[in-house]
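The letters A, B, C and D name the chains in turn, as written, and every chain counts its residues from 1.
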């Protein structure tokens, strides 16, 4: 009487999304534009790390082999990560992995909005996953992501309908990031398996609602929706940008300096 | 005069002064200085701990550290609000910080060089802060006292978490234990200095005592801290880096070695390892955030204008 | 006319055209385009390889990689100089690059995701570049031909180093071998596309052939590359990711599978994984370096003014 | 008949200086202000990595224990590194370890000058080290560092005597970095041991020449010499800034992902 569980690769995709975006958002700590945003960004990051932990714990249990939440987070290499490429990008426009540029809050906000509007609908759908554990995680994550989405949507509107500079920055961030959302609407092998066995959510079914939400928010923010075509990223299939390697190198450095240690 | 007498009477009766009450200008100024220094310390303090969020060695520790740093931001908010009840704006206080005119706790001018520093800051730095702050929960100024009650509760939680973090490391590998000891060696003396100069050299304290803002002297707090820390260090299994530290049966307290006040004053006066980094990082964040704050303001004004137009 | 006839005669005689010689405008333009594209490729190519300098896994490999990337910068310099002999400035060429009007080799729009990519770029990308470039050493335009002779020599050295790097990894751990195979899987097809579209779809080639700028067709070069790569892959112990790859006894060549030209054109037309990153990084470096270049110019002018004053 | 060799800690100090500065200078690769500077900075970095290799190889031989140049470079932790704090700082003004700021070429040039003027004299003195291997390394390094010093001195003058902006940047970099040079003039235990046994150079003996060179260059560059007091760094005693941890985390990440591998 084994319970139905989602394919491990699918759980890792969900967990990696949460961890990588949580890691990025936490980078604003002590660098936010106003104290309230330092706190908000830490809070969002904390929710995401929390989601990642539950998902990794579940994935570790499904996978067996002595895997733990930390072995999955700290001892997998870049190409084993299954997060959307969108979520690993630094907080600035398109630049090579070795480039340095100041963090841009518009990039952060636009990404959180684009992903939040997707994640909200994904968690909604996953509440009825046949994987009961995943459904329970979804119910909790849904509450959190509602706040994340409201936060980023409010700022998107403030920026778009704010000053000339904020409008231009928000538009530039949107132009940069929207093409990466194409990855939401491809179905990876892991997703196909999860959809087939009733444990996963079909992203294509979420698209119309995501599109409407995006259009409505952009209208309110007086921003233009770019074409959003271009390179189709394949991060969830393990093919990432040059940026994830640096993110993981930093995140995993201490844990890997002390293999086998407990903290 | 009558106002001064009424104020003195409230102080003598250990009653609370509230924002709407009359208060002497020097009392108000002292409070603004102390509360804003404390608020600044909370937000500058996010930097050294924030330095390890991205590299926390487990997801559990990452979450604990994030939550802690978030709490510090929250403490900053309460404290700026408490200061605002004294008629000064957060912006003005931040401007003073960014201009280098306001102080913050000197302890945050030391770098966090290893993960153990996160635990040691929780255990020792927060522990010392609590010693300093618990008496302020009985401070004569109501909004400050109430903010401190909430803050002390959360700080105690942080201190326990810091200690628990170190305990886990001390139960771990030899490298982890060495990391803890090395960190204790670096932080112990600067933490003792956190209680401020010896009472003999601390002339401002008397008025603070009179006004019910300060309630215990620097040296008494320091002694209390040393006495509390010694058994905690023993349980943890670390050595405090003070060869003169020993129990004095007669005094009923631990004797401890001489503090290097030259080092303390060097850091206070701007020559610590990270003074420039901490302040410049704050200034940078504030400057680069200007457009975001401007956007929020511009949008709010537009919204208001639209609402007025509709109402018209 | 007489100039054209003299030019044609030199071309027919396989003699060199030099900067001071008369040449048709179309010839000059074709050369400027090709030489500057090649120069741009060298400096854009510093980005993907530069991505691993800081993380090279041994000091020896770090030094080799640094030296290689430095050589690429040097190739950029020779080539810009060769282009300048045709009456166009390096600044103008860079402006065209930064404005997105000039092309560079599309292969650099792929990311370097693992250390093995550094070896594979040396082996396959430099290998393909050499196949393309060796014929240019016999190009009709003297300065370009001479630059290419020097460049090809250095590129051959880089190719051998790349192959040796991979060989060391293939003799290493299972993880290292897997890293090499994964990298070969990612790069093989884009490298085959580096030779350009099939001859049937490559209308510009004929004139290039006539002028002695291009000497071997795209498909012939590609075949030569595949034939050379197959035994190298076998020695290395990696599998080339082409199920249709096999020796054709009759042709005396390897048959190979169909190239995904849609992917090739997508990258050429700006939609590769890193097109925006590569160009924006160049533009950023140029923009942020403006003050440095201005300083050098201002100082040189001041020096000159001082020298004139002294002379007066 | 064991040959005289310098104390391992002293050799590591020299090696770590070269490696850490080489790592920093290489960060300009593909980001330099003009192609010639990309090449020059790569060249300088390459010389420094080469010096580090010779010094680590010598240190490894002296130390025994199966140490290699790579075990010393890649498998020591931050607190075991003995480089001057000056050399690990990022290419920008004073900021916390988590801050991001664009690379500033003035910072790079001023550091290379301040250190180059010291290193030149140190290698000169070490040519007569009683450690014959170290003396040979010094002779080679001296040739290289002469070029490094000329390069940075030329640019220092160009910047100081260039535009208003370049002058201001050079002055700011000097104000930021000069206090870190105080570390040159303290004598660590490793240095004391090396001076005592005739294998090391006494930094205090190098100071007058360094001072004159600095003053002459600043005069030519029309820059003001700041007081240069303040915090006394102790990087060569293992007490570093927040920046070295990130530098090493990145530098060592791949090597530590594959412990025991040969490259």
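Just so it is clear, contacts are C-beta pairs under 8 Å (C-beta built on N, C-alpha and C of every residue); 3 or more make two chains touch, one makes a residue touch a chain.
Source: prediction; values computed, not measured.
Participant: Spelling it out: a chain qualifies if it touches chain A and also touches chain C; which chains qualify?
Facilitator: Under the touch definition, chain A and chain C have D as mutual neighbours.
Participant: I want to compare two interfaces, B-D and A-B. Which one has more contacting C-beta pairs?
Facilitator: A-B
Participant: Which chain's mean C-alpha position is the greatest distance from chain B's?
Facilitator: Farthest from chain B by mean C-alpha position: C.
Participant: Between chain A and chain B, what's the gap in Å when you average each chain's C-alpha atoms?
Facilitator: Distance between chain centres: 34 Å.
Participant: Please tell me the distance, in whole Å, between the geometric centres of chain B and chain C computed from their C-alpha atoms.
Facilitator: Roughly 58 Å, centre to centre.
Participant: How many angstrom lie between the centres of chain A and chain D, each centre taken as the mean Cα position?
Facilitator: One centre to the other, that is 40 Å.
Participant: For chain C, give me the residues that contact two or more of the other chains.
Facilitator: Chain C, residues with two or more chain partners: 47, 50, 54-55, 281, 284.
Participant: Where does chain D touch two or more other chains at once, residue-wise?
Facilitator: Those would be 27, 29-31, 96, 98-99, 101-103, 249-250, 253-254.
Participant: In graph terms, nodes being chains and edges touches, is this line, ring, star, complete or other?
Facilitator: Looks like something else, not a line, ring, star or complete graph.
Participant: What are all the chain pairs that meet the touch criterion?
Facilitator: Final set of chain pairs in contact is A-B, A-C, A-D, B-D, C-D.
Participant: Which positions of chain C touch chain A when the two form their complex?
Facilitator: 47-48, 50-51, 54-55, 111-114, 182, 186, 266, 270-278, 280-281, 284
Participant: So in the complex, the part of chain D that touches chain A is made up of which residues?
Facilitator: Residues of chain D touching chain A: 27, 29-31, 77, 96, 98-103, 246, 249-250, 252-254, 256-257, 259.
Participant: Can you list the chain C residues touching chain D in their complex?
Facilitator: 43, 46-47, 50, 53-63, 66-67, 69-70, 73-74, 76-77, 80, 115, 165, 168-169, 171-173, 175-176, 281, 284-285, 288-300, 302
Participant: Given the complex with chain B, which residues does chain D contribute to the contact?
Facilitator: Where chain D meets chain B, its residues are 78-79, 93-99, 101, 176, 229-231, 233, 239-242, 245, 249.
Participant: Provide the residue numbers of chain D that touch chain C in the complex, in ascending order.
Facilitator: Touching chain C from chain D are residues 19, 23, 26-27, 29-39, 42-43, 45-46, 49-50, 52-53, 56, 69-70, 73-74, 102-103, 105, 157-159, 161-163, 165-166, 169, 250-251, 253-255, 258, 260-263.
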